[in-house]
Amino acid sequence: MGIRTGQEYLDSIKVRNKVEIYVMGKEVKDVTTNPFLKPAVLAFKATFDSAWDEDTKDLARVWSPFINEEVNRFNHIHRSPEDLAAKVKLLRKISHKVGACFQRCVGYDALNTLYIITELMAQHGKTEPKERFIEYLKTVQKKDLALAGAMTDAKGVRTLKPHEQPNKNAYVRITEVTKDGIYVSGAKANITGVAASEEIVVLPTRAMGPEDQDYAVAFSIPTDTEGIKIIVGRQLNDARRLEGGEIDALPYFYNHEGLIIFDNVFVPMERVFLMRDWQYTSQLVEIFSAYHRQGYGGCKAGLGDVIIGATYNLAKQIGIEKAPHVQDKINEEIFLTETMYAAGIAASLNGIEVCPGCWWVNPMQANVTKHLVTRFPSQIAQLAIDIAGGILGTAPSEWDLKNPKIKELLAKYLQGVEGYTAEDRIRMVRLLENVALGVAFLIESVHGAGSPAAQRIMFSRLYNLSYAEEVAKRLAGMKSNVKFTKKVEPWKESETEKLAKEAEK
Amino acid sequence: MGIRTGQEYLDSIKVRNKVEIYVMGKEVKDVTTNPFLKPAVLAFKATFDSAWDEDTKDLARVWSPFINEEVNRFNHIHRSPEDLAAKVKLLRKISHKVGACFQRCVGYDALNTLYIITELMAQHGKTEPKERFIEYLKTVQKKDLALAGAMTDAKGVRTLKPHEQPNKNAYVRITEVTKDGIYVSGAKANITGVAASEEIVVLPTRAMGPEDQDYAVAFSIPTDTEGIKIIVGRQLNDARRLEGGEIDALPYFYNHEGLIIFDNVFVPMERVFLMRDWQYTSQLVEIFSAYHRQGYGGCKAGLGDVIIGATYNLAKQIGIEKAPHVQDKINEEIFLTETMYAAGIAASLNGIEVCPGCWWVNPMQANVTKHLVTRFPSQIAQLAIDIAGGILGTAPSEWDLKNPKIKELLAKYLQGVEGYTAEDRIRMVRLLENVALGVAFLIESVHGAGSPAAQRIMFSRLYNLSYAEEVAKRLAGMKSNVKFTKKVEPWKESETEKLAKEAEK
Amino acid sequence: MGIRTGQEYLDSIKVRNKVEIYVMGKEVKDVTTNPFLKPAVLAFKATFDSAWDEDTKDLARVWSPFINEEVNRFNHIHRSPEDLAAKVKLLRKISHKVGACFQRCVGYDALNTLYIITELMAQHGKTEPKERFIEYLKTVQKKDLALAGAMTDAKGVRTLKPHEQPNKNAYVRITEVTKDGIYVSGAKANITGVAASEEIVVLPTRAMGPEDQDYAVAFSIPTDTEGIKIIVGRQLNDARRLEGGEIDALPYFYNHEGLIIFDNVFVPMERVFLMRDWQYTSQLVEIFSAYHRQGYGGCKAGLGDVIIGATYNLAKQIGIEKAPHVQDKINEEIFLTETMYAAGIAASLNGIEVCPGCWWVNPMQANVTKHLVTRFPSQIAQLAIDIAGGILGTAPSEWDLKNPKIKELLAKYLQGVEGYTAEDRIRMVRLLENVALGVAFLIESVHGAGSPAAQRIMFSRLYNLSYAEEVAKRLAGMKSNVKFTKKVEPWKESETEKLAKEAEK
Amino acid sequence: MGIRTGQEYLDSIKVRNKVEIYVMGKEVKDVTTNPFLKPAVLAFKATFDSAWDEDTKDLARVWSPFINEEVNRFNHIHRSPEDLAAKVKLLRKISHKVGACFQRCVGYDALNTLYIITELMAQHGKTEPKERFIEYLKTVQKKDLALAGAMTDAKGVRTLKPHEQPNKNAYVRITEVTKDGIYVSGAKANITGVAASEEIVVLPTRAMGPEDQDYAVAFSIPTDTEGIKIIVGRQLNDARRLEGGEIDALPYFYNHEGLIIFDNVFVPMERVFLMRDWQYTSQLVEIFSAYHRQGYGGCKAGLGDVIIGATYNLAKQIGIEKAPHVQDKINEEIFLTETMYAAGIAASLNGIEVCPGCWWVNPMQANVTKHLVTRFPSQIAQLAIDIAGGILGTAPSEWDLKNPKIKELLAKYLQGVEGYTAEDRIRMVRLLENVALGVAFLIESVHGAGSPAAQRIMFSRLYNLSYAEEVAKRLAGMKSNVKFTKKVEPWKESETEKLAKEAEK
């Protein structure tokens, strides 16, 4: 059936036989017990739990016309603006449960992207990719599979295109095509959640030209496949997880990213969705990145909520929650958090039906959402640091709290307002340290779904600068060639035509 | 019929017999020809024209169930989230036509506010106000009347409540109640568009207690009424309008605000919608201000478009439109503009049905919208100043362009890229000066619909701080009293209950 | 003697016979009585008064070794870091007197620049320019002349060098050289204070190459010279000065800028200080702009003080000066103001002796000062708007205050805290409107002494990026070619050598 | 002699017999070898090395009149503005060596503070404290001792004064006074560098009243004293130091903070400098905090340099260092860094001689410096994250680089521009992670020397708001009681009188 429990997911990923997963130089066999990866696996698991928890199951379950039963929303194809908004709302709520990135959105967005792209290819007469994709989608939905999406390549020299790179493997590429499938080599970098996934959906990372055609490839592959190597990346504060405590590292949850190396990996043809069709790479990237940028309005707002709650509680612990400057800073945290969310909601409810029954986000508003997310979390973190006080960088460890020679002294000197203990203080400080100054909030917010410069390029592409110029010329009394009784839009209302036209080029 | 032309509006306000209107110390009889007020009247007129212009009429016309015909949207009661979004879209488009505030939104929002409040009173058994209001609404819709909304009182000492003021007239109040109506005295300040209006809809400006009951009053009154005096306020650059030119002042349009003095004015009972019902003032203010805050996502984004277009054109005139730092600054202008718009769209499409068939905006997102508007226009203006260059503060006047002794010299030295003339340069500089550094963009953006501090108070009221604290406590492993399998919302999904409950207090 | 009174200055500029000065299309004969220019003349006059006022005379008077007597500091050559700091302090204080730009700094900085450049030429064996300049300097100091500095050219197409311009007159150039002098043609734009000056000191506006040599010219010329035309530029709110009031326009003072057109003007050789010596233009521009950028730490901080005082008083008038958010905003205004000043002080006291006894500012810190000034005034203005309230854009005119039919009503409704009158309120609102939203604070702050992009270019030139890279490489454990026991500077301690070397190129 | 080598310092702190030092719950005997503390000890050592390194020794050595020989500047009493500036310059340079806080400034500033305070007491007739202090100072200078300054108390409930606290030990206090000395109990929190120090100089943390007199205490004590317990705090990324690597933790250096517990510790009378003299606590705090705030203009600018260099190098490694948006971001990093430095230089060169031959910083400019430091590092970090790319949160560990099964794959896929290796990339990424997102830059910048709110309080105290108001009233034409020909200062030129007067209260 289409909705698994968290435990079923855990059982499924416990044993890996073929893939090689490395953490801090050592190979890991069971990702569910490895102390470095376990918090990431548990955060991923929360997406499964969300379909069973009372407060999220209405959002997390949705009927799929493809298999005619309920599925977990993370494997759903958006069929309405409300679907898009439900994604944002669900992400915000799950963030409240884990205080971390739960790593399942890239796969979610990759599915929706491939749905539109293969539909477009079908409209142009190339129907096989769509057929393969729909079959794959059904399997994913029925089995409620845990997907990682893999887009970002190693990239080598940033100023060169894939085929111009001195290192031919700087981008993942097709090395051979047979009747039964393709062989691929190369690396995908910064891949969120990959070691906790069951399947990897690979997409090209940039617009490509005809000379780059070997690099224009999209497919899916089980994570536990011969020839795949995953090198898990380090993160701020990661080594604390190895200490075996329960306070100093973020108690239960964390995300992870990994470098995936494809070492001449075979992909069966039924899993290949894009093969040298470089013409579709530009749209594919634009569609995917807009979906992913929209989602940040949910998950990062959710982390904002965690930080607001933590700073508010810390203020109460030392008796300053009513100081006007503290209240004002908390209000600012709220404003910043709710602005990110509002943009995500606009990108959803103002979405676009780009093929019959399939909905894309509003691209301008999705880019606005992500661009806000490249800026506001840093400001929220700064406010949190301000309210929390210097203790954020100087608090004793949980091991000090347990040392009988000093624990009573700490209890005495770290106490603030009556009712709160030294341990309360340290627990909350650590939560704030690990969330507000963590990789998901400070770094992924900037670079996930494309760095700030990528959104700025989209602003110039999506905004109708010539229209705005004519508006100004008319008001200034300069000669203008545009008749203003004609309908001219400063933003795109329908993208379907554009997609079709671009594909024809 | 419910939709007048702009000319019909002009004809209607040409003659005033009873009201006294003062501009720069002198009484004005015909506001359509007075050089100070004419641009404001023409901007107001644009709201009527919008129902006839090809590019806006679909947005500006909407069917009203109250009179069973099409009406101008500015007199419409919102019946769906799409209605709320249409408001934002329409405001953005009209801004493109006038580059100024067109002054009809306060009346629009006042109507919608009174609709909800009188409905609420009816639900509580007090049905007369609703009956009166619906009758009034029908008249307004049928005649397509031009409304000004009047909320802000003179206020006296800000730290005192109305009844505590040493000056009893610091807030508008009921001085006498008769069988046929009420007498009111006092002043309403900063009233947008009032001299160009046909009717004034008066609302209380703050939450009031039982001792303030004489100040709890809402009613409508024809602008041209005995005992009403309007003192029109000055604005940056206003005196240029008196010069008779066509370039240095904003060519055609401007807004205006006025101080309205009610000098013992009689209001017939059928026009009284709130009379000493202080219990409803808190909600009334909250409902009105959220409506008005949402709208700024449209009109200020529209002014943002005008400024983007003007800076882009000025950059082209001197050949720097492709300089990376100029492109980047224009992208920033776009980002800021589209963020305000996105928030306005979210506040609309995520609106709330607060009574059967009547829709309020999402209050958190409406407050986010306005708070963005208190900050971003100043940043857009700063970017515009940067791109435009020092000429923004030093350009010759249009009279220099006409002086035969120097006009050729100016033509020679102010020319930049071929094809643009010195006059083009000055026209665009003046547009930018008058829009980006004008009252509507720089000052009204901060204070309209409530100063920044007012939104910050709403952030703490609308945000569920206790919920966020529990989220944090749970993640930190502290004891928590909230069960997380229960549905707890960090933001308000429905406000109906709240409204009802508050009224009962 | 070297120090004139303000009145002596006024008498001197009253009559002009040869120069043509245009204001709003009309020729002006007496700049001291013309209502548009009078406030600018009075602000300029304040620099003379500063040498006689008790609170500024110690700063404004300084002994000159060139004429062996006291001179007005505005004509002084800096002889110590304390001299540089005295400039900043004096500018801050005069701003308090006039609330506007007093327009005499460009000439001041031009003198100091030419002193260094001609000294440098003398060091290279070309002694005549220095001899001429010293003679000129003595005259200026002895007569206490009012200088305008003229640097910015019309510039035409910004991406082209002077000799590449389609319009040969886009930059001021030498059209003919005779035994007795040179003929120049072209225009200088945005020239501060020119109509109030007695002398114009012309400098080249950018670094030039050998092909631009005709444009490499520096000289001085009496303002009242045949062939000079000055077209005074418009400014925000300028037309109010023509109304004859005393409140709505900034009471007494304002600055002005003008376009100077040189229509084949003859300059005697003893007034020519740079003639086709293009090799010195790069340094000349760098020296001048650093001097001018430093000064902004004084005058703009002084305007900041005026705005702080005005907002504080307005808050008191309505009883909110103790509201925490108001206090916090005023503290922020103070912080921003004092930061600009601190940078100006650093640029001064950390100055550099670039030739024996002659002191240049610290160029990095001077650029920091100006870059702060391109940002902080806009933020101060925004805070001022916030505190002042909507009345800033809606206050009645002074003419309303005088109309007997409404003046008592205004007195009643505009009153706040007892003791303050409606006129007090309007006076202070107008001051704020004219200063905080005036050209000097909002526009000149951005573009004077070079637009923001110009300072950013200087940051990369002045900062030792390679040194910083080596520091990082060493800490990261990468191989580094720099020995760290050797003295390597991340900032320039001495600029003398650099100046000398660059000149030799 | 007054100047030790770094090795001599290390030898001196190697053995501790009486103090108890805890790190992560375990007692540490040799701080020079403990992996957690070693980087902090080495950073502290850099202050000794600075007196011997060629590029810093001129700044680090200074002649002391107290012992009539050269001393290390960190134990010097400032005797001129140049001394104050030398501090800032030296701090910037040592930051380049260690990329971390070197922890010796608090002691340095404590010495200078006590010098002024005991001098002031002497002026008031109480000469003993000064005599004791001078003797102590001589010892410190002669032996070149490593001092920690301890100011911040545990504080308990922030809204209560020391004597009001339910927990009497929330502030360090005198529990008994004998003929020979005093007994103290309590805790000092967030004490920088304490485990690496030889002496602790204790100061009161806030202004106190007569009822708080037992808490008004300043003294010095050897770190290795019976009854002192130090609990070292955790920091972001700290656990990596325990891994034994050389890349993932900051290669050599780090700072540390500790909680010091005084458990009925005896302090001999000759080491007591303030005993119940509550009248001096207000000035003591103000003097100390201004000194310490000034210093941040040096050390944080130095960290800024490290980050600029690291981001520039990372940009080169992937070939984007010439992309305009990257150059612009680096320019912004430079601007922010140089602004902090400029303010520190102004606070120094514009310092105040508060007693004969002893120099205090300019308090307004010192507060400006620190307030900038509460904001700009976060912005620099954000720019660094932006330029560095997502790899900052996902880079493989150094242990992966050493695993023979994957090291060649990493070498291949992490390579960018030729000449740089995968290890280069990771080394630089790690440096950036540890410096830009480290405690010293992100948290200590906000809270060290007082949280942002503390500086804002000083802005209102140091700024002459009444003067500014009078300036505004005069310009607005309102009545003013201040004669402007009298010398009125908006900032304090001399603080001596103020200090004296306040003490008399």
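A, B, C and D label the chains in the order they appear, each numbered from 1.
Quick note on the criterion: a contact is a pair of C-beta atoms (placed from the backbone, for glycine too) under 8 Å apart; a residue touches a chain by one contact, two chains touch by 3 or more.
Source: prediction; values computed, not measured.
A.B. asks: Show which chains lie in contact with chain A and also with chain B.
C.D. replies: Where chain A and chain B share a partner, that partner set is C, D.
A.B. asks: Let me check something: if the centre of a chain is the mean of its CA atoms, which chain is farthest from chain A?
C.D. replies: Most distant chain from chain A: C.
A.B. asks: Can you compute the centre-to-centre distance for chain A and chain D, using the mean CA position of each chain? Integer Å is fine.
C.D. replies: Averaging C-alpha atoms per chain gives centres 39 Å apart.
A.B. asks: Taking the mean of the C-alpha atoms as each chain's centre, how many Å separate chain B from chain D?
C.D. replies: Here the centre of chain D sits 50 Å away from the centre of chain B.
A.B. asks: What are the residue numbers in chain A that touch two or more other chains?
C.D. replies: 325, 328, 456
A.B. asks: Quick one: which bits of chain D touch chain B in the complex? Just the residue numbers, please.
C.D. replies: Residues 324-325, 328 of chain D touch chain B in their complex.
A.B. asks: For chain C, which residues are in contact with chain B within the complex?
C.D. replies: Against chain B, chain C makes touches at 20, 22, 24-27, 152, 154-160, 166-167, 169-170, 187, 189-190, 229, 231-240, 242-243, 248, 257-259, 261, 263, 318-320, 325, 374-375, 378, 381-382, 385-386, 389-403, 405-406, 409-410, 412-418, 433, 437, 439, 442-444, 446-448, 451-453, 456.
A.B. asks: Help me check something: in the complex, which residues belonging to chain D touch chain C?
C.D. replies: 53-55, 81, 85, 92, 96-99, 246-247, 250-253, 305-310, 312-313, 316, 327-328, 330-332, 334-335, 338-339, 342-343, 345-347, 349-350, 364-365, 368-369, 371-372, 424, 427-428, 430-431, 435, 455-456, 459-460, 463, 465, 467-473, 475-478, 484-488, 490-491
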